[in-house]
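Going by the order they are written in, the chains are A, B, C, D and E; count residues from 1 in each one.
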Amino acid sequence: MLNQLSSILLEVLQPGDVIGFTFFTGYMSMFAASVFFFMERSEVDGKWRTSLLISGLITMIAAVHYFYMRGVWLETKTSPTEFRYIDWTLTVPLMCVEFYLLIKPYGGKTSTLWRLVGYSVFMLVTGYIGESIDPARTVLWGAVSTLGYIGIVYEATLGSVKQVADQSPNPEVSKAVRLLRNFVLIGWGIYPIGYMTMPGGLLGNMGLNLDLIYNIGDAVNKIGFGLVVYGAAVASTKRESVKVMTAVNA
Amino acid sequence: MLNQLSSILLEVLQPGDVIGFTFFTGYMSMFAASVFFFMERSEVDGKWRTSLLISGLITMIAAVHYFYMRGVWLETKTSPTEFRYIDWTLTVPLMCVEFYLLIKPYGGKTSTLWRLVGYSVFMLVTGYIGESIDPARTVLWGAVSTLGYIGIVYEATLGSVKQVADQSPNPEVSKAVRLLRNFVLIGWGIYPIGYMTMPGGLLGNMGLNLDLIYNIGDAVNKIGFGLVVYGAAVASTKRESVKVMTAVNA
Amino acid sequence: MLNQLSSILLEVLQPGDVIGFTFFTGYMSMFAASVFFFMERSEVDGKWRTSLLISGLITMIAAVHYFYMRGVWLETKTSPTEFRYIDWTLTVPLMCVEFYLLIKPYGGKTSTLWRLVGYSVFMLVTGYIGESIDPARTVLWGAVSTLGYIGIVYEATLGSVKQVADQSPNPEVSKAVRLLRNFVLIGWGIYPIGYMTMPGGLLGNMGLNLDLIYNIGDAVNKIGFGLVVYGAAVASTKRESVKVMTAVNA
Amino acid sequence: MLNQLSSILLEVLQPGDVIGFTFFTGYMSMFAASVFFFMERSEVDGKWRTSLLISGLITMIAAVHYFYMRGVWLETKTSPTEFRYIDWTLTVPLMCVEFYLLIKPYGGKTSTLWRLVGYSVFMLVTGYIGESIDPARTVLWGAVSTLGYIGIVYEATLGSVKQVADQSPNPEVSKAVRLLRNFVLIGWGIYPIGYMTMPGGLLGNMGLNLDLIYNIGDAVNKIGFGLVVYGAAVASTKRESVKVMTAVNA
Amino acid sequence: MLNQLSSILLEVLQPGDVIGFTFFTGYMSMFAASVFFFMERSEVDGKWRTSLLISGLITMIAAVHYFYMRGVWLETKTSPTEFRYIDWTLTVPLMCVEFYLLIKPYGGKTSTLWRLVGYSVFMLVTGYIGESIDPARTVLWGAVSTLGYIGIVYEATLGSVKQVADQSPNPEVSKAVRLLRNFVLIGWGIYPIGYMTMPGGLLGNMGLNLDLIYNIGDAVNKIGFGLVVYGAAVASTKRESVKVMTAVNA
């Protein structure tokens, strides 16, 4: 018993446990990303600081949950879906806030923010029902959940987010919205695939591992999302500073 | 036994445990809100920084207590009322301090602060007696406790808080007081409902869950309270900065 | 046994445990006060920052010890005197440093600092002997310990602290010294009362609880001490800034 | 059993456990180095701050993993290779980012960054296979892994990193690239030696200890890497400041 | 058993355990000192900030090790020499760095730094052998170790540290070197005494307690060392600022 107890307390990763490996790297990379976004925040123009703060909060919240999930995995070799949805309940709406913060200085409306948040909450609640509460109809709920996802993609591709961003005199804004849209379109596309690998899902017999897909998807999407915003902030800050210098010299 | 011990140490959330879900999201969202308020503090005018600091302390204190309550819930599927009152003993007076800090630059008096703190302490002490020490007369104590609640609402709706705020040349102050008053009136109204669902309370047979109501109420009220102050601080800082720029150009 | 073990690990507060309640609020309020003093430090004039830092260190050190004492209390329903004296060994001399920092810019001498620290060490060592090492003669040691206490009161009421403070052109300094003196005179007066409630002490049969008295006394004195310094710093910073603005306009 | 349990919880280092000793000093020195790099960051020119942040993240990530490995070592007197590869998966690409950040202001291309990261990932993946998944062919995988290592050395000695650095008007950049290259060439050379001491490796019968070699190598390489960047940042900041002063005086 | 287990987890200090008392105060005072040095760092001239950072790192590293040693002491009433040497391996060279940072702006050479570090490593390695690996010849190793100690004293009293400091136009530098030298001469003299109280040492039969001597010595030396540097930094910053003001007025 002592040996087992010690393994609980020490949480030793077993050789060849690739999924456990990704829980560890997910936890550490998101934690390091938070420190990065929080510290680089002071190096960009004031108007970009709230965006970088939100980037850091997204990875920080994820890091805390990966820390928990990592421990549960080591002990039980399972990872309850609950923790992922707790994480997403907080981080996905914050990702929608990132879209809004980009277009806010150029006339973006709070109604756009609420619409994005509404889509994301709809997507998460129906997805959660399909995974945890009504798994018998997982395909149906997955399809319903996808409607919320489509809503976010629409806003960023054709809707008001895209329209306001295109009118911004700041070229980084338009580029950042396009890149973030790509993350939603391509990066978030990983989650439905994970969803379909559940027993009863479309890809349920292919033997793909849900946790592995989610772990890689989360790290790429959350850190990538933040890096796009960071890149826009740095480029915009640099351009503004050149403009000021030119004006002073002239 | 080992399995049970490990479940203590790992605190694994069970599928479908919606109340446990809200303990986790309450903890994480309040923690993230504290980081947000503390970091955005440097972006607003000096006179607003103490207000944002208090906003962050309120959510920070709540986050620590939700961390505890979360652990106790996972283990025992109960949540002792004691922890909530320890939290409220510190956070409700700090919310009253927020009202005072808003009106202080425009002639708000410390007597107003002490009156608000007095009402809140009265409300909490009598509420605690009704919930923990004298549950046989829970309805009576609930009614007495409500008097303190009415006192705070009065101050913010008709009393000195409202009066001083209306005289402020800063339009954000008056708006913030009105919004915070609404949180007290509507948001804090959740707590008496929770109170009445106790055995012996007016709604004691309706099967509502006290913890679920409290968890949602706390997160909405504490983060919302802070966001109202943050919104006023950002708007006021922006307006002042435009004024300075105009003066410089003229 | 598992149940007991879990209660250790979770440290669940029992309903009606008022002393445990004050251990929790003491811990949280001192922790929050430290964050407050550390963060507000950047808002006051440079010369006040060391004072605010010391204020924050005092409550931080106390918070750490209350965290320990809280855990010990939950488990054993006792609180070893050792922890309190470890806390006081560090925080009481730091409170004496606060007096010194107030008068230092106006000619306060380091000899005054050493005298204050000497009195406080004398008070603590003899008090500790009376409580832990030679409890048979607790009354005698209590009387001896009081001499150190009188020394600190003397310095702040008639001695060099008072004299230098009165010569300061900064009115906040003199006021702060008077208020801190009152904390020593009235607030610290709680401790001898606690001391006398020990078995063999003068009030040993009155059934007062030593820990309850200490918990309330510590929170009021340490946070109050810091708030007095904070108030002086804010008032002085504001006055100086008005003076500078007037000079610029003239 | 209690005694054993307590040794788990307390993690007492045994006298003469030199490897355990280096796990402790590795953990503490990397943690202290992170605090150093993060705090000194504000003392150098803005363009060097991201480099110092990355230096601090590298040692911070290593500190966290050494904290884990230290605990596992105390309990089991072994150290799973998994933890080292989790660490390296994050820190080695970040070291490549350091090279890129040095040459970026002088025309360094992102293609160079991706090439460096690609080499490092290749080196780590094939190395991991040789150590954990296919230990029967450890020599073969070690040789393959070395190709990635050679790629990094090539870039820094003859390739685009070296070329761009030499064109920089800032002499510190060229010097820093040369020093970092030396760390890769000499410092990283420790790892293959460690690799060859595995059973089945070239030096497998010499009784050298893999963990001792890795612990010393990690501390020297990671802190040294950061100190080279720090030295360049300080020298460059000082030179720029002298230039500005001279211009002002002229 | 539960009671014993709880005492492990709670680490309750026993009444009259004076050595345990000093482990606690050592831990807390060094932690508080680190916060002090890190925060006051922003109040002194840029050139002093690295010195204050090193001061804070020294006490921070010591605080972490005292935290461990405190726990081990509570459980076992012993304190393995290993932890002290792990601490000193990192902090004593950092104290040598403090000497170097003082004289660096006035022509101090890195060769002086390496000599100091070399002496300290020699002193520690031979001291460790005498205490842990070859206790039969503890007197011999103690004598050898003293040679390293004499080397550091020589450098600071007659050697290059002293010579460069005397040539500094900044009077605080020369004073600080003299005070730090006194710490080495008098304060570090505590350690050999502790060493001689070992069984087989010169004072082995006098019943002195090694841990008590080390705990008091560490706190006095490490915090005192930092305070000397802090005092020099504050005095130098003030003098420079007066000089600048005089120049502006003239």
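Note that a contact is a pair of C-beta atoms (placed from the backbone, for glycine too) under 8 Å apart; a residue touches a chain by one contact, two chains touch by 3 or more.
Please read all numbers here as calculations on a predicted model, not as lab measurements.
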**Both-way neighbours, i.e. chains that touch chain D and touch chain C** = E
**Request:** Round to the nearest whole Å and give the separation of the Cα centres of chain A and chain C.
**Result:** 46
**Asked** From the C-alpha centre of chain B to that of chain C, how far is it in Å?
**Response** 29
**Item:** Residues of chain B touching at least two other chains
**Value:** 5, 9
**Asked** Looking only at which chains touch which, which shape fits best: line, ring, star, complete or other?
**Response** ring
**Request:** Record each chain of the ring in the order reached, setting off from chain A and passing chain B first.
**Result:** A, B, C, E, D
**Request:** Write out the stretch or stretches of chain B touching chain C in their complex.
**Result:** 1, 4-5, 8-9, 38, 41, 46, 49-50, 53, 56-57, 60-61, 64-65, 68, 71-72, 75-76, 80-83, 85-86, 89-90, 132-133
**Prompt:** Can you list the residues on chain E that touch chain C in the complex?
**Reply:** 2, 5-6, 9-17, 20-21, 24-25, 28-29, 31-32, 35-36, 39-40, 43
